[in-house]
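These notes open a run of structures that come right after.
Below, chain A partners chain B and then partners chain C, in two separate complexes.
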Partner chain A sequence: MLVEGIKSRPIYHPLEPKPGSRHILVADAEGAEAILELATKTPDGFWDKARILYIPRSAVGKGYEERLQALTPFPLYVGPTIAAAIPRLTKELSDAQMGTQIYLAGTEGLVGQAMIVALEAGVDQGSIQRDHRGSEARRVQCVHCKGITEEVTTQPVKCTHCGLMLLVRDHYSRRIGAFQGVCIDAEQPGTAPEPEEAFL
Partner chain B sequence: MITKSADKTPKIEVEVTHIQQVSDIIKRFTFTPVDGAPLPVFGGGAHIVVEMSDGDIIRRNPYSLVSKPGTTDNYQISVRRDDVGRGGSLYMHNTLKVGDHLLVSHPVNLFHIDRRARKHLLIAGGIGITPFLAMMAELEDEVANFELHLSARTDGAFLDELRGLYGSKGSFYRDDHNEVIPLNDLLTGQPLGTHLYVCGPNGMLEWVLRTAEDAGWPSQNVHYERFLAPATGLPYEVNLATSGITVRVGGHQSMLEAIEAAGVDAPYLCRGGACGQCETRVVSYDGELLHNDHFLTEEEHASGTKIMPCVSRFQGRELVLER
Partner chain C sequence: MTTLDFFHDETFRDDFTYWNSPEAIRRFPFPFNEDKYMYSVNLEPHVAFKPGSVFEKSFDVDEHYVSEMRDRALVLQEDPLRCQSLPHMNMAGWDLLELIMTKKAAEYPQWFELHQDGDRWRWVNRPLDIDHTFTFLDNTTLPYGPMEYIMRQTQGDYAILDQRDNNLWMDAGMITTQADWSLDFDLGMNFMEWHGPVPLAHEMGIFDRALKFLLNVRQGQPARRLNWTMTVNPRLDTSPERYAKWGTDRMDVNADNVGQLMHLRVELQSFWRLPRSNALVFPIRCYLISLQDLATIPKWGRRFHRVIRDLPDELADYKGLTITRPYVIEYMSQFDDGAPTSPGIFADDE
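Coming up: the complex of A and B.
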């Protein structure tokens, strides 16, 4: 059902340590693994300039908080939801200066939303690294009502705002950090295929 | 007196209408179009290639435009006299007079303002100030946030003018007072979204670029202009496969100049190894390609398949170019 080769589909890479005056790391759930892998490659002094923001979500109780806290002398921020962590990231970036490096890891929803905050704060894309870990669930914007549906795992999916059945595309908006959803049965309403798990 | 140019690059005939001695070694030239038509508009950081008929030699040197962007009735350039250079700046200083005619290229900008920036940090060394003169006029007009740090030999050229124009936005450092740009503090104390622009002598450029990289500046935020004068060396010959001729390149001549002198039209823009316009395919060679440009990647240099004839040379038995 998906069109191949959509260029806006984000590309992810393992996190690599970069020179910088400050390192801000944001992860959710299994994204913690990406930070722990990064820690095997970091030079001396790296973590003395690092702040970690972590949202356990589905990985709550797996002990990632302790392992992340062990990396840096600064208190680990643990947030209940992505929405709760966003203002905290905005605050971290409010007095940041050139030479700040951003490391994002975890679900595409977290990576996309944290990237918006960083870009708005003036961080250049060249200072932002992204690694996708864990759930494939997508944040989807309905092109018809513009409402955003979080945690989409099925194809098609019912828009939580206007109720249309949406085909989730690879077409991605960096500005809103979401994939595009387009009505799948516009010609003959009611003929949409049954939703199937597609993004686990 | 104009010698008709051999190449097809569009040119504008101008008259030298004013020459100002800015310092003991810098002169500012004002060129006015002979036909009176408005000159092409340019942005801060643009340069023109000035064509000089110096005896039998046609010299083409790139110079940054220092006049205010938007000006269309004249172009101004500033030229530092280089007593040990290949002769272009000496011609400009010693031979060129008010009333003389010249050909100049259309403006080309390889060093433009990046308008995504929230702040512009300009660092110049000596005559490297020239592209910034036009850039700052433009930034000032746009009420953009900018800051200039200029290091110069003495209190000479441009300093008084810059102090008057830009006041506290400019910081000046004099070599003869052992003043040095506090680069580390400067590069670690800039707000997010700052773009850095550097122009100056090679050693300074390397120092600033290396310090910025070590401080974690992404390369997208770092802009620089490095015009190379073509290197001199031993004379050699080049076979031009397409034209079917062999050209001799003199020791003080660039490969591009030799190709042009033979009447072959070769593309160019910056003539300083920066823009990539003159890139030429190497058909075969037996010897060593002496790459001097900073346009091609290291891999491309090593591949032996491309050369930039504006600044690069050759040493060896035979070189065949697709030209």
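Coming up: the complex of A and C.
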């Protein structure tokens, strides 16, 4: 079974300003850096059409909120967790018209979940950019019980829902916003290796 | 054969009473046309070929039909996520229902009938004891969505691919007999993404060429290919969802039972353009044969020994054969006298 190097894994690029009627920027933690770098490349008037949603998470206290707020005249949205920010993001995206550009930056968990909301709101994939910054922690879906384990840093990992020891594969579903986890000792139960840090 | 006695009463789980008649063994789609195997773009027109073979009819119906449909119903009862269709795929479901009903009624009139009176259609499926009148394109007149309705009466898994942006998107499917991949996980992926886990073939350019071919498949000109793997026991439902339940089967194989337990699993895959939705439908029809039955055809016994012995390790690992392959090679070696084999997949006396 292939574990690494699977082509369904998303490819990330630095954010680039694109012409648009509106710009929605969503970031968590170190993803703020990606937005600040984007700001060095944006044309005049870009930020007058921009809304920024930010979830500080592990970068709380690093002062990113102030620097992001300085970019745009609209009030910065600051959310405590990704889950708490989803309703706000859903609203922003369902209000978005054709020509809206979406910029996602930060952990793969944030990027993946924001991507689901955008696709469900009918945003064309071509108007979504993704940049991965900060922690390599993964969202993993257990292929057996379908439960999602957040913030996975080890290989293998115990499913927080059904308790099976899962091998984390590079196979990635955009629709679910998660990597695939498959029982690692199904052939010989009880032989799972000890989890080791793999995604930091 | 016209009578309903043709269909076996057998199981693909628990006590595994599945068996192949001598006729089923002879018509088994042996997938190797030479003594070695590597991935290739093995696509050909799906045209009627060789009476009695699995390549004769558009959608082959064999002695396992009735029991296979019973097994599918059990899988769906436990896990309805094996059948999913994104909202924009409803028309493709009707296209598929029409394709299968018209082909089966024309090619197996002893078992299936379709009477069309405008939008009022009457469908008779004798093996499954169904006689149902419904309105074409009206979902409320069927007990399930159109895809699920016809798939509960059709052997094999089916994926329906939406075609857009020069790619194919797996946006619907009925997948209960899969070789270890998850529809629920792959739903919404494109051709390159769902093939992500396959080793070597991307680098060989196989998927680029295959996708180009599929994007150009036209209505009325279906194509086909064979794919294969191996399964312990005649188990249809080797899904990743239930892997923790069947994975241990691999430890049951030993030198004494390998001929009965290990099965060659061959997929007859075909590709059809649908008329209204322009979707592509991909039937994956699974055939299972135990090694001891396979070896009753001398050419197949010789050739399969050579194929499995020389199979590249990457392919063996991907197919889940790491534990069982040594037993298979040892067992098959008794059927290989070193004699040359003839070209092509069919037994020598045909």
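We adopt the following convention: the second predicted complex is superposed on the first by the 197 of 200 C-alpha atoms of A that agree within 3 Å, B and C clash if a C-alpha of one lies under 4 Å from a C-alpha of the other, contacts with A are read in each partner's own complex, and residues count from 1 in each chain.
As a working rule, a residue touches a chain if its C-beta (ideal position, glycine included) is under 8 Å from a C-beta of that chain, and two chains touch if they have at least 3 such contacts.
Everything numeric in this text was worked out from a predicted model, so none of it was measured.
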Quick one: chain B and chain C on chain A, clash or fit? fit
Does the superposition put A:Arg174 against chain B (first), chain C (second), both, or neither? second
Scan A:Gln101 for contacts with chain B and chain C and give back first, second, both or neither. first
In the superposition, chain B vs chain C on chain A residues touched: C
Looking at the overlay, does A:Val123 come into contact with chain B only (first), chain C only (second), both, or neither? first
Touch test for A:Leu164: chain B only (first), chain C only (second), both, or neither? second
Which of chain B and chain C A:Glu136 touches, first, second, both or neither: neither
Which partner chains sit in contact with A:Pro189 here, chain B, chain C, both or neither? Use first/second/both/neither. second
Degrees between the directions from chain A toward chain B and toward chain C, using C-alpha centres, nearest 10: 60
Closest Cα approach, chain C to chain B, once both complexes are overlaid on chain A (Å): 7
Chain C partner contacts - residues on chain A that touch it in the complex: 1-2, 6-9, 141, 143-144, 146, 164, 169-176, 180, 182-183, 186-189
Chain B to chain A touching residues, read off their complex: 118, 187-194, 213-221
The residues of chain C that touch chain A in their complex are 81, 182, 184-189, 192-199, 202, 240-244, 246-248, 250-251, 317-318, 320, 323
Which residues of chain A touch chain B in the complex? 18-21, 93, 96-101, 121-127
